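Two complexes come next, and they have one chain in common, subunit A, joined by subunit B in the first and subunit C in the second.
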Partner chain A sequence: MQFRVDKLGVIIAALAAYGALLAPFATFRANRIVAGEARSIGEALPSAWTVVVLLLVTATVVVAVLKTPSRLRLGTAFAAIAALALGIGAAAGHLTPPENAYARVSPASGFWILLFALGLLAADALTRLRPSPLVRVLFLSAVLGFIAAVLTSGTWDGLSLLKEYASRADTFWAEAGKHVTLALGSLAAATIVGIPLGILCHRVARLRDGLLGVLNAIQTIPSIALFGILIAPLGWIAVHVPGAAAIGIRGIGTAPAFVALFLYSLLPVVANTVVGLAGVPREANDAARGIGMTDFQRLVGIEFPLAFPVILTGIRIVLVQNIGLATIAALIGGGGFGVFVFQGVGQTAMDLVLLGAVPTVLLAFTAAIVLDALIETATPNRNRVQSA
Partner chain B sequence: MLRLPTLFRLFAFAVLVAFLIQPQWFEPLLRPLVQENAPAIYNQGSLLQLTLLHLRTVAIATACATVVALALAILVTRRSGAEFLPLSRSLVNIGQTFPPVAVLALAVPIFGFGEKPTLIALFLYGLLPIFENALTGLTTLPPSIMEAARGTGMTGRQRLMKIELPLAMPVILAGIRLSVVISLATATIGSTVAARTLGEVIIAGLQSNNLAFVVQGGLIVAVLAVLIHDALQAAERSLGSRMGR
Partner chain C sequence: MIEIEGITKRYGETTVVRDVSLTIAPRTVTVIVGTSGSGKTTLLRMINRLVEPTSGTIKLDGEDNRSLPDYELRRRIGYAIQGHGLFPHRTVAQNIATVPTLLGWDGARIEAKVTELLTLFQLDPVAFGPRYPHELSGGQQQRVGVARALAAEPKVLLMDEPFGALDPIIRAKAQDDLLAIQKHFETTIVLVTHDMEEAFHLADRIAVMDKGEVVQYATPAEMLVKPATAFVESLIGAGERPFRLLAIETVADAVEPGAAEGEAIASAATQREALSTLLWTGRKALPVIGPDGALIGKVSLDGLVQRAAGPT
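So, the complex of A and B:
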């Protein structure tokens, strides 16, 4: 039995066959507003590209269905994804009539289904290969590098999404800056405040239940409400505290969004600090006391390093959550990628929604991979110690 | 005997019900939050009706998510589905990095405005914690018990129904609880795409600069989330103690 069939491969083959042969590959619209017309892969791509994409997809499907080594599966999946990515750019050039600035070409369901199927295969192969943290980060950089290269090469310039970007390039980067500042800034503030609070909670049991209770309660307030509720106190501070308005504190805009994200971030940071410190083995503390370390030395030299991976896990939760929540800031004038998402929803302009959503997802995804790698590096590998 | 926290919850529930049925009783409390002539109580619809619609949306989405997530978790933990296990774990991790707003916004072009995209987004987002916990529950059963079950000649189906699912149930229920709490808060964002949830009250408040609306919408959702979270937790505990008996 050398040629056994891989079950996941069968699902991927079915998805890919549907995506490539039955579903439309691209949508063509005469201008931004009118309804789109579906184009199949043969119609959308120049014939050479059709052959390349279909051949690579077929090769990937064959590799997926047969039980093949993970490296081969990963390689073909990525080759096919790359062909798909370059192909959709070629489709834009092929479908847009020459000298027509109004026509819009965007990827349709077939493209997304193919991408999903190939992505599944790549994710499965990657999971099975169990790459080390460093390799995972290198992999991520390679993928981001590829995306950046395609973007700068202008291959995708004909796509509707990039046309939306082109008409908003300045605001896009301004909102991107605001988004990152909101997510990272509130995380930094929460870390600076949260870790000492966590240490305090660890030492003073009475404080722990009360503070964690309050922070838990804050988490239950829906984000749009918390953003809104903070408008009033910050507006009051801006008017009544001298100098507050000068440093940018205002009732609407970035300030309430920043404070809301900060409040949401506190619970994971404080709770994980408490859990991490509680998990420090008693022997380690006793030994440290035995050699005459002071409380502070013990905290810095023993407890904190041992609790660090757990605290880092809290920071990862916060960062990924903040990148997502920062989109809501747009509702109270706080800026960020949410501006495009909600504008797009308002105009039912899918491309505008994507212009906000895709960078947000990419950002969250990158943050998750990088921090997971950091956590794995920081966690002492107990299995390795035992087997050594 | 009723303990103090239970009394406190009963009181919170009573206040919530009173507020939903007779919101004008609470008008003086909210009045200081608004300007002279602005209404202090949401006046563009019934708060009770919006709350029920909100709960209905969350209930439907969570019920569907529970069924699908449990079925998938059972499937990938059987021997015939074992090939999918590593991938399912990664997909759960990847899925949870997707912001709910992005899921919601991307569902709009496909499913139109209204309740549908909200249901889809809540369903997809709710799948993850339930699936993750069901996987944890079903893959961390004590090997000695599993072996004993096999030794007594139970079929795979009997083992699943009588041993594996009951033993994994507390972890699965914790996943459902997490999913409900996330959905309760996320459903408010559904109102940005015209779903009828309590988010409508909050958004109306944001648009007309009416803090009272924002506060009442937000507080209703928060109190609902706390009460439902605690009720589910109590249900889990009583189930756990009954099974331990």
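So, the complex of A and C:
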């Protein structure tokens, strides 16, 4: 029997081999500030776990290198990822000396490289399987469910990231709430304002160039600069407009962050609305007018449904962009996961940075997958009009 | 009855339609022909006010077409365009139901109308109703487009190059179907085309437009015999004239007493078809049978040659 070699599989195998055998698997530190000591996979894990993890990684490497069915690749990749996730928890227990509350164990480069290689394999296998939008969302739910289960089981409690979390559990959820509120709230505001603006731009050609130009210019302002620019006018409003300060409008804090995110969000929403409406087949529009639809009926019944997938693509861009950008809001007291990132940077505590960064990445990733699935559901092939 | 009186349309300095007056009789097919840029589509679109005229009036059954809001006017007038203009996100049945829905018909009546029209256009309502336009062939899409235009039983149907995107064989079939449906619903049809063949095949009267003006408005036979200008003559095509003349009339009009040998031709066929058969089979005359299949006489090569001759 002849074996054929998978090109991407070779790269994944090389990465995995380096991550498992050469790079350190975990870092041990006497307390959260000092430099860490690297621990290899054999040192970090109890021997039984070492065997399990290495066996599964080896199996995955073999499956990855050979041309194998996508389901098998996906299955072994997930099994190995699960072993890795549980293994790092075991490493924490194994490396931390008993009764020592200061010592910190965190994943090191080897762990991350392995996770990346296995994740790449899983993503590649998943792409080749071409799952339907629903299946993709179910997959995402399963992965998130697994993470939640591991978190609640306490397996990771010994890890430094979770120790950081334990000491800030109350503020974590408050900041998480602020982060989501900022990202989703500004998106909602941008959608409510942006779609009508886009429709207006579509109908009034002269407005289009001007407005899109302004929005483009806003998009080029660096976020920190935009926060700075907003401090003065919002501060003025807080002082001079009655009731403004009462609802939280101030020069710094949530208000300028919200306004800045809103302004950044407008361009993708407006531009995609304009592009979507422009893409509506001319004949369909002409026929709609010709058989007696009013402008409003045509907009609601014909133009908007046909433009909707494109508009949704704009909303996806905004959501993922906002989840990331909301991190910066912490700089001006706007709250969100950025609080941990900047505190961590200030204290040179990498684990605290990760406490802010990892949830942000997970959130953005989840939003991207869910909205991609929505877009695909809303874009049926019927939009491709067959020519006669 | 459509009365177009002194209609002019200017875009800035350019006059697209210049002082056009036409009276279109009810239950007839009027074809507006002309080269591209002659203003024929603009004229058509002024009837349902997709384009508002600069001056002049258009009356439908004696009523000024500006006496209603434009969208209400359009719901009473069928409109079919080249490339069908079907809504890609709606099924065939939903597309056809568009105007009845706008007019607020009840569900049962709409469903009955959709079924009736699909059947009339030889599309199985059960199989085609739930499909999307992209799942249909070009000819089927075009039929659905016309069915949609006729759904609210308009007295007037405007068509802008409706068969332009079809291949010749499907186009000929679509033209015949249109004539049958026009007889069925007694619709007044105004159709725009640049295809002279199509004009002669469909029209009760033809209006030829050139540079925004109607240069001749006449029956096909009149136009062949007495083209008003050199432009009309060139549009008809000098080499085609005798054949077009024969194509207008049926064999029934050319029947002579007597008998002939060989296979018979139906009296409903055009004289052009008779001539073609005569030439192809090398005979001097064909027996003619009536609609009931009975022999009613003959059609001869000499007779057709005389009929095809222009005025001397």
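Details
FYI, the second predicted complex is superposed on the first by the 380 of 388 C-alpha atoms of A that agree within 3 Å, B and C clash if a C-alpha of one lies under 4 Å from a C-alpha of the other, contacts with A are read in each partner's own complex, and residues count from 1 in each chain.
Definition applied: a contact is a pair of C-beta atoms (placed from the backbone, for glycine too) under 8 Å apart; a residue touches a chain by one contact, two chains touch by 3 or more.
Since the structure is predicted, the reported quantities are computational estimates derived from the model, not experimental observations.
Looking at the shared chain after the overlay, A:Gln297 reaches subunit C, while subunit B stays out of its contact range. Of the two partner chains, subunit C is the only one touched by A:Ala288; subunit B is not.
For subunit A, the partner touching the most residues, choosing from subunit B and subunit C, is B.
Shared-chain residue A:Ala90: touches no atom of subunit B or subunit C. In the superposition on chain A, A:Leu212 makes contact with neither subunit B nor subunit C. In the superposed model, A:Leu226 makes contact with subunit B only, not with subunit C. Of the two partner chains, subunit B is the only one touched by A:Gly338; subunit C is not.
In the superposition on chain A, contact is made by A:Leu306 with subunit C only, not with subunit B. Considering their complex, residues 48, 50, 71-76, 78-79, 81-89, 98-99, 102, 132-139, 141-142, 145, 148-149, 158, 165-166 of subunit C touch subunit A. Residues of subunit B touching subunit A in their complex: 33, 81, 83-84, 86-87, 89-91, 93-94, 96-102, 105-106, 108-109, 113, 181, 184-186, 188-189, 192-193, 198-199, 202-203, 205-206, 211, 214-215, 217-219, 221-222, 225-226, 229. Subunit A contributes residues 6-8, 120, 123-124, 126-128, 217, 220-226, 228-229, 231-232, 320, 323-325, 327-328, 331-332, 338, 341-342, 344-345, 348, 350, 353-354, 356-357, 360-361, 364-365, 367-368 to its touches with subunit B in the complex. Those residues of subunit A lying in contact with subunit C across their complex are 281, 283-284, 286-294, 297, 302, 305-306, 380-388.
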